[in-house]
Structures are given as C-alpha cells and as structure tokens.
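Chains: A, B, C and D, in written order; residue numbering restarts at 1 for each.
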C-alpha cells in the first residue's frame, strides 16, 4: 500500500514539474540597484526557444532576450533603477514556434550601502592603514627606527659628484606615464632630492618629460629644490622640458640628448615599458653611471642587466623615505613592513590550510 | 596618381627605417633629421588625437548635446582651464588644485587596485597545496613557487637587518628574483626579435620585393 | 593657502575614493570612475602646456643659434604640418575645419594626416621598437657573465629559456626517452617560466604593491608632499 | 648589478651587424629547421579542423601595427584554415586599427580563395569601442551592437549574418590579441558568461599572463603564443608561410645571442687568468 501511494505521489510530482518551468528574477546583492538576476530552467518541456520580456511599473513590454538555451542565467542591467516594479515574462517555444509555456516573475531592485563581497579587502586595507598610521605616530614620539641599506641609492652622491667633476649634466627621466601612476609620483619625489643635491654641488640637471602634467609638476619640484639649496638664481627653467607624448618618439629624442650632451649620470626612475632597454643601452654606450628604478615586473630584467644600480619594485617607493630620514617617513616604512609580515603569515597559514584540505581562508580572501 | 603616392609611401617608410637604423652605427645627420621629425610629428599627432578622441567625445559632445544631464563635466573643464593658468607666472599656483585632485585620485585608486590585484590576488594565487600533483616535476615546481614567493617578499623587508636566518631567507629570495629576471629576459628576446623580423620583412618584401610579403 | 588647500583636496579626494570602493549605493559607486574620466579631460587641456613648451624651447634654440639649431627647425615644421593636417582635414573618421578632404583623398588615397601617420610615423615607431632586438643582444653579451652565483642564475635561466623557444633548441634534445622528457629543452623552459619565474614576479608584484600602498597613504596623509614643490 | 667590467670588449656594432645579417639571410633563403608543435597549438588546430563546414565563427582582431610581426602570420594561417574548411568568418575588432589588420589579412588570401565572397563567407563588422561592455551587449544582441558592417551595409543584407542574434549560433570565437581589451575580456564574457568556446592568439610578451586560462575549465581552448605559435600553426596546416621563415631567423638570432654570451664569458675568464698571472 505504501508503495502504491509513493508511486502515485511520484507520478503527480513528475506531472506537476513536467508542466512547470522554473523562472525567477532577483535583486543582485551588493550593488547599486542597477541590475537584476534572471534564472530559468525549462529543460523539462524541451523548449527550443526562450523569449523574455519586461514591463516597468506595468508599462509597455520591452524585449530583454532571446536564446535557445533551455536552462540559463542572465543579468539584466538595462535601465534598471530602484523603486520601480519590474515584471518579467518568459515564453518558451517549441521548434515550430508554438508557445509551450509562459512564466512570470515580479521584483524590485535594491541598492546596498555596503558591499559584503569586499569585506576581506576592507579588512586588509584596515590592517595596512592602522599599521602604517600607528608606526608614523610612534616614530614621531622619538622611537629610533632601523632601515636597511638600499644599494641602488648609494649611487646618488657618486653620480652628482661625478657630474660636478666632469662638468657634465645629470639626466633624469621620471618614467613615461602620467601623474595617474604612482611610479611617476615616486620618481618626481626622488627628482626633488636629486635636484637639491645637484644644486648644492653646482651640477646641471636636465629633465625631458613626455607628459604635460608631469612637466608642470617636475618644474615645481626642481624650482623648489634649488630654492631649498639656497641657489634659486641657478635654476634654469628650460632644464625641465617636454618632448612628445609618444613613447618611441620620446625615446628617439632622449637618445639624441644622451649621445649629444653625454650626461655623466642617468636616472630612470618611474614607470617604463619597452623603452627601458633602448634608454639603458644608449646610456651605457655614452659612458654614464646609470641608476634605474621601476615597479614594472616586465622591465626590471632589462634595467638589472644594463644599469649600474637598480631599485627593484618596492625599493623605488621606499627610496624617498630612505633619503629623507624623517621619522614619520621611516615610520610609514616600518608600518608597511608590519603589513607585509601579516600578509606573509596569512600566506603561510593559507598554504598550510590548503595542504590540510581546508579552503576557508583562500575563499574568504578571493575577491571577485 | 594614387599609385604614385602608395609607392612614395613605401619609399618614405624605407628611408626613415634606415635613418633610425643608422643610429646603431653612430649619431649622424640622417638620424638627427629622423629624430626631430619623429618628435615633431608625434607631438602633433597626440595633440590632434587628444582633441578628436578625448576632448570631443568626453567633454564637448556631452556638454553640447545635453548640458542638463552632463553639467558635472563642467568641473573637469574648469580644472583643465586652471591647469592652463600656469602659462601666466602670477597665477601659476592655481594649477596646484587640479594636480592635487589628480594625485589624490591616483593615490586612492592605486591603494585599492594594488591591494586587490597585486597583493591579495597574488597571495591567494600562491595559497596552493604544493603536494597536489600527478608527477614529481610538478610538485617540485609548486614547492619552488611557494618558497620563491615567500622568500622573495622577505627580501623586500626594510626594517630588519638581513643577517642570520633572516638574511639567508632574503638571499634565497634574491636567487629567485635573478632566475625570474633571466628567464623573462630570454623570453622577451623572442618577441623583440620578431619586431626586427617584421621590419626586415617590410624592407625585403614591400620595398625591395625580394621575398613575398 | 596656496599649499594648504591642495593638501586638503588630496586628503579628501583620496579618502572618498577609498571609501566609495565599499559602498555600492549611488553616488559612491561611480565616483572613482568619474574622477578617472576627469583626469582624461584635465590631461587633455594640459597637453597644450607641453606643446607650448616644445615650441618655446625649440624657438629659443633656433633664435640663439645653439648647437644643431638647424635640426630644431625641422621639429617645428613637422609639428606644424601634422597639427594643421589634422585640424584642417580631420582624421579617418572625423572631418576637420575644412571638411572631409575628398579631393585630396581621391589623389593621395587617404587623408593627409593618415598618410603621414601610415607612411612616416608608423615606420619610425616600428623601427625604433625593433632596435630592441639589437640592444637585447648587446646587453646580453655585456652582462651575462658567470661571475657570482646570482649572475650564474641569471645567465642560465636566460639561455635555457632562449634555447627552449626555438626550433633548434627542441631538436637538440628531442632524442630523450619518454621518462626523461622533462629534460627536453622546451619543457625545461616552460618549467622555468611556470614556477620559479612566476614566484619571482609575484614577489616583485606583492612588494611593489605594498610600496604603492604605503606611498599612497603617505600622500593622502600629507606626509609626502614634494609633488607640490617641496616642503 | 653590473660591476664595472675592465675587460676588453668587442665593439658592440659587430653584434648589431651579426644580428642584422643573421635575421635577414634566413628570411631570404629558407633553412627549414624542424618545428615542434606544442599541445596548446594543437588544441587550436583541432578546434578548427573539427568544426563542420558551413559553421560560423568570430575572429576578433584586437591588435595594431605594433604587434603585426607576431599576430599577422597567425591570423593569416588561421583564416586560411577556416576558408579551407569552408567555415564562414565574421570579423570584429576591439581595437580601431584591428579593422585594417583584418582587411590586410583577407586581401592576402583572396588570390588563393577566389570562391570566398564577401558577405556570404566572410564579413568585416568593423571596430566597436567600449571593450568589455561592448562584448556584454554583443552577447545580448549582436545586431544592436553591429547594425552595419564596416562598409555601411546593413546587417540584414548580409547573408552570412542570417540567424546571428547573439553568440548562440557562433561555433567559437578566436581572438588575436595584443593587450586590453582583448582575449581576457572575451574569456570573461563569451566563455564565462555565455559558455561559448573561446580560443586565440597572443603576442609572446603577453603569453605568460594568458596561459593560465588554458585550464580544466577550458576558459580558453588552446592558445597560439607569439611567432612560434604562428609557425606551429603553419606546420599543423602544412602550409608554411612567413612565420615559418621567421622562426628560422628567430633560431639564428637566438644562437647569435648565445654565441656572444659565450664569447663574453671566455674573454672574461681569459682576462681574469691573465690578471692572476700578471699579479
């Protein structure tokens, strides 16, 4: 008897589901309410074509999509806003274009105030911010901070001295990207320190740039450096000049300068692409001491091979703090290192967890 | 007539190709001319490009078509004009405002972008089980991947002396950096030689017609 | 005032950009995208500064007959030609001030701006780029010397990868038996690329990422302010 | 990193000269070093070879003249293979110069395939800006994104476009990509969102970053990487072209570099030995 009831039940559920198609529309969480998620499954009725339409606040139906997939998902992001009722209608057709079934779903879209998918990013940001700010404050209170030697920076005095001795200029290039890249800003910071030193030792500095905004900023930086060195009269406004925005056009021009002016020292500090090696090799052939620094992983090999000193990745950003020796600058470096330590520990724990088959940490940190 | 100009074009191309190549021998008037033409043409090109492909579609079109919906674009326009006030020495300092805005934006965006893509994503990509793999070569490789990444990051540690066990770890890190530099150099060599091949195919094919292009 | 206000602007903008990353609600979700768009426009205006500077510096050199002054005349002429071609007759899909240059196009085959771009500019670019093939060889010759353990690693990795990526390299070791196939040069090369190289690149990326994060914070907090022209 | 080297060096212009000749000669006189095909290239070949004739595919030209030396031979070999298999080719471009690149490739092949007619077997839909957003829109409604081809012919008048409303009737998408927007975006949208087979070819420099997508989930179905990938493809289709010749030049150039590294080392050690004796 039980068996018969069970079979009966099974038969009816099959009947029920075979007629039915699954169609649901939901608000997408963690967004600004400008999209809805559609899901459908009409595989039971062997639909050949699915058409979905939408009505906004009961208005005229508009076409959303047509597909031959009987199961699927779709994100509708066309003119969706909050506070409007969206009613979707799905129509399934067979191969003769006859309607097999229809389904409806009504929903509202919502906007969220916090994106929970980015929780791990927020936590990591806070770790970095807190550790850096903490060490800046503790450095201000007079705590002595150690910082290891950065080999690439030893060249600065040597280069300036050599330029003075030989009576030749120093060439500085703050990369080939604009102010919307941090490497350029780091390069300009170092330009300030170098220009001050050059002003003190009465060496000339030439700075060709390939972006107009970098031109403005670099001019300010160099002018200020001469002022700080107490020699504002020695500042030549035309020592910072623009060539062209074009990557290789710029390189052609700089190559010409290197060959004709024969600078005693070249500094390439900033963001570089393929031009890195052309500059460094031409600089080598002119006999200059060369210092390079970039965070572009693809260009570092060329600088390492062709230059005398190279600031690798993070060293470029640490350089200005290192040279300034100001406590709060050094404090921020220390904070950065603490953040680094936390991340390395997290990495080791993550690997151990992965080995033991627990994927929690990796999944939590993965940001989509 | 069109044919004449297309032949002229190829000859011009070949001429400038040789002018640049001549720099490899030594600096000479041909290179100087090519260099100056390159600088001038490209500066002009980017000027025209900026007008047609940046300012018109991003600023002038939206404002002239529907200023009501795009009034916000007036802000960057005003900031752009502030930038131009550098041309007058007395108002030079005004350009610091747009620069400060851009540097603030860059700092904020880069803070997050690099934390996401270059720090967290690289960390999670390294969180693997190195012993999962069918053959010993893969397992050795994955172990190298994990050890190399960790020791490499430790090399960049600034606030601790590189000595003792810490120094050894940092040293291993440098070794991995060196291997990666060497390999990347060798790998890029291939792509760079392709560029020369492309140039020579132009000279030998399109220009001289010795090889079929 | 001239220095304080910019610092305040940087601070506020930086903080708002960071916070808005986590708030999908309008208008926060779109702030950083909009600001990046602003950057394009401001930089678009600023390009005039560069061009003026180029003009000024070159005119100065010509006027005072500095060394090689004749060549700087060429710079100015080619700059003027390119700009006027672009502004007067437009580019491929954009009409210029004098219309669409149908009559010139029918003779030359393309608009003057595009003709110069295709036949001079592009060749100059491609040739300059291809110089890398030569420099890669000269740099390798000079620097890949087996001196220390570090330089040995650099050298060996480079040679193995270079060999593994050519047909000659693969024919050198194709006789290896199946169980020693991992020593086959292309396989060694892809092993090096896949594991130790990725490790090194990742370490650089993580380090540089942290450096950028630290610098960004220093700038937002106003500790690093030399971009405004020193302290 | 490079300490001042005191040893006598060869004038580097000799290296330049050797490189120039070493690359030029193999282009004129084919040597024909054997080319070993890699698994990733074979997957691409099999994908096209097993596509039934009459199918429609998208070839996306997402590069500009700077990457021509590497990607052009690849595009030519792939398109040739498609035409041989009587597969209909729809060209799109996410880079403005891509349109021209595709036209160039097509015109190279015209002589060999006189039967291939524009509009029926091949069409160039032109460039669309917007990268990932455009791809999303294409998956939703292809005809809205590309109402006309590059010559301005309405899409309804092109027989090849019959029944193409989105990615559904496309067998696979193959992108020739030199950066962003490019193959990554195709994978993210066409494969990850719409489940379409995506394959492609990339420059040698960007290959390491793209190869991880060739995985168990088949985000990418095979990959042609750099000039070598193109040469391998030519080998698989048994129609050697410019990439095969280029590979000879490539091999010689690599040999020249390695040779000079060897000379550099020998010089260094000889000088060192001399110094020792001298001291």
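Quick notes
Everything below uses one rule, namely that contacts are C-beta pairs under 8 Å (C-beta built on N, C-alpha and C of every residue); 3 or more make two chains touch, one makes a residue touch a chain.
The structure presented is a predicted model; accordingly, all values stated were derived computationally and were not measured.
Judged by contacting C-beta pairs, the busier of the interfaces A-D and C-D is C-D. Chain centres here are means of the Cα atoms, and by that rule the chain farthest away from chain D is A.
The distance from the centre of chain A to the centre of chain D, each centre being the mean of the chain's C-alpha atoms, comes to 27 Å. Distance from the chain C centre to the chain D centre is 21 Å, each centre being the mean of its Cα atoms. Centres computed as Cα averages put chain A at a distance of 15 Å from chain C. Centre-to-centre, using mean CA coordinates, chain B is 3 Å away from chain C.
Shown for chain B are the residues in touch with two or more other chains, namely 20, 23-24, 32, 34-35, 38-43, 45-46, 83, 86, 96, 99, 102-103, 105-107, 110-112, 114-115, 119, 123, 126, 146, 149, 153, 156, 177, 180-182, 184-185, 187-190, 193, 195-196, 198-199.
In chain C, the positions touching at least two other chains are 18, 21, 36, 39, 42-43, 46-51, 54, 68, 122, 124-126, 128-129, 131-134, 136, 138, 140, 142-144, 154-155, 159, 162, 165-166, 193, 197-198, 201, 204-208, 210-213, 215-217, 219, 227-228.
In chain A, the positions touching at least two other chains are 121, 125, 128, 180, 182, 185, 213, 216-217, 220, 243-246, 248-249, 252, 260, 297-298, 300, 302, 304-306, 312-315, 318, 333, 336, 340, 343.
Interchain contacts join each chain to each other chain, per the touch definition above.
Remark: chain B residues 1-2, 5-6, 8-10, 12-14, 16-17, 20-21, 23-24, 32-48, 50-52, 54-56, 58-59, 72-73, 75-77, 79-81, 83-84, 86-87, 93, 96-112, 114-115, 117-119, 122-123, 125-126, 137, 140-142, 144-149, 151-153, 155-156, 173-190, 192-193, 195-196, 198-199, 202 touch chain C in the complex. Within the complex formed with chain C, the chain D residues making contact are 1-3, 5, 9-10, 12, 15-16, 18-20, 23, 33-36, 38, 65-66, 208, 228, 231, 247-248, 250-251, 253-258, 260-261, 263-265, 268. Within the complex formed with chain D, the residues of chain B that make contact are 24-25, 187-191, 193-201, 204, 210-211, 213. Those residues of chain C lying in contact with chain A across their complex are 18, 21-26, 29-30, 36, 39, 42-43, 46-51, 53-54, 57, 60, 67-68, 124-125, 128-129, 131-132, 135-136, 138-140, 142-144, 154, 201, 204-208, 210-219, 221, 223-224, 226-231.
Those residues of chain A that touch chain D in the shared complex are 65-69, 285, 298, 304-310.
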